[in-house]
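Every chain is named by a letter (A, B and C) in the order it is written, and numbering of its residues begins at 1.
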Amino acid sequence: MWMQKQLHLSAKPRGFHLITDEILQQLPDLNKFRLGLAHIFLQHTSASLSINENADVRRDLESYFSRAVPENQTYFRHILEGADDMPAHIKSVLLGCSLTIPICDGKLALGIWQGIYLCEHRNQAGMRSILITINGD
Amino acid sequence: MWMQKQLHLSAKPRGFHLITDEILQQLPDLNKFRLGLAHIFLQHTSASLSINENADVRRDLESYFSRAVPENQTYFRHILEGADDMPAHIKSVLLGCSLTIPICDGKLALGIWQGIYLCEHRNQAGMRSILITINGD
Amino acid sequence: MWMQKQLHLSAKPRGFHLITDEILQQLPDLNKFRLGLAHIFLQHTSASLSINENADVRRDLESYFSRAVPENQTYFRHILEGADDMPAHIKSVLLGCSLTIPICDGKLALGIWQGIYLCEHRNQAGMRSILITINGD
């Protein structure tokens, strides 16, 4: 059994945002799958999807990645779209734009501490499009 | 045809560990799949799964990532669980917690030099839970 | 419906290369899938697959990653295969060797700006093998 659904996430400020609930609210039919896989695909190149602690590490993640991928490097050539743009593409390559999560008994089989992040790397981003594809029994 | 199985990996010291054999030993039914995909999902936020050289690069990987994500940064706020904790979450976001590997003729179709790693980022970790989901013909 | 196909990508110089067209040319049957998932797996440990801007950020990506993972670190032990070898393995772990991309109406459902990259981390690499596995309706 296959299901595919396009979602639009509301615009978010730069940083790491928990979106587990925002995604689950738009997947009411998830409970029809006894087991399977949910694929979540972000159709952008300056934001990322990730899984991590659903508690208080999000500010430190933003602090770390903003230092690890600093703005205004003299060797950057792609600079016309703002100081945050090229670092946003680099972070997107580092963290990735898709997740695959197992489904067990009609639910995403995340670990106790795991949540789904939208990592917004632009200072002034708009809505973000996500395509979810589910396959299972 | 679907198969889903929960595994528990024995506790391991901090570092990069080859677990290809430990996983295959617990998948005796893999040979029933002519082709398909195996999804391996680590249900934790302070360790990672990765694929790389099944030979002698593992110590250098640990050396690199411990330098690239140093402990005791003054800007870290999430520090109550030890100096290795916040870097462990960052490394988990960088490397990821899931792998999808093709199956061909009843075997994981890894390249000659590829092996599956558990990347343990905590100094004193316990067992780690993995959920494997296989779909194929 | 399942489909699996082995591809061989021509040898490429070190850097980030758009291979979307090179892959699509070898998947003429993609249009038989109304919806599904395409899994692209690179069977190597010193190159990566990634998705990002299909325009002009590729040189900056190479510049960034060559600085973030510098050659000739005194703590490297795996040095016999050349100064670019251990950094290549690290970059492969950072960026990953597989992609899963949704299929919608017989096409890869990439965002407007998204393209598929082969990230070649070796100075003198040969052909690279990719195994593509497609499942869908």
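To be clear about the criterion, a residue touches a chain if its C-beta (ideal position, glycine included) is under 8 Å from a C-beta of that chain, and two chains touch if they have at least 3 such contacts.
Every value quoted in this text rests on a predicted model; they were computed, and no experiment measured them.
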Fraction-based call for chain B against chain A, same above half, different below: different
Between chain B and its twin chain C, rotation from the CA superposition, multiple of 5 degrees: 120
Distance between the centres, which are taken as Cα means, of chain B and chain A, whole angstrom: 20
Where chain B touches two or more other chains, by residue: 68, 94, 96, 100, 135
Of all residues in chain B, those that touch chain C in their complex: 35-37, 50-53, 56-57, 59-61, 63-64, 67-68, 94-96, 99-102, 104, 109-114, 117, 135-137
In the complex with chain B, residue positions of chain C that touch it: 2, 4, 39, 41-45, 68-69, 73, 75-78, 86, 89-90, 92-94, 96-98, 100, 129, 131, 133, 135
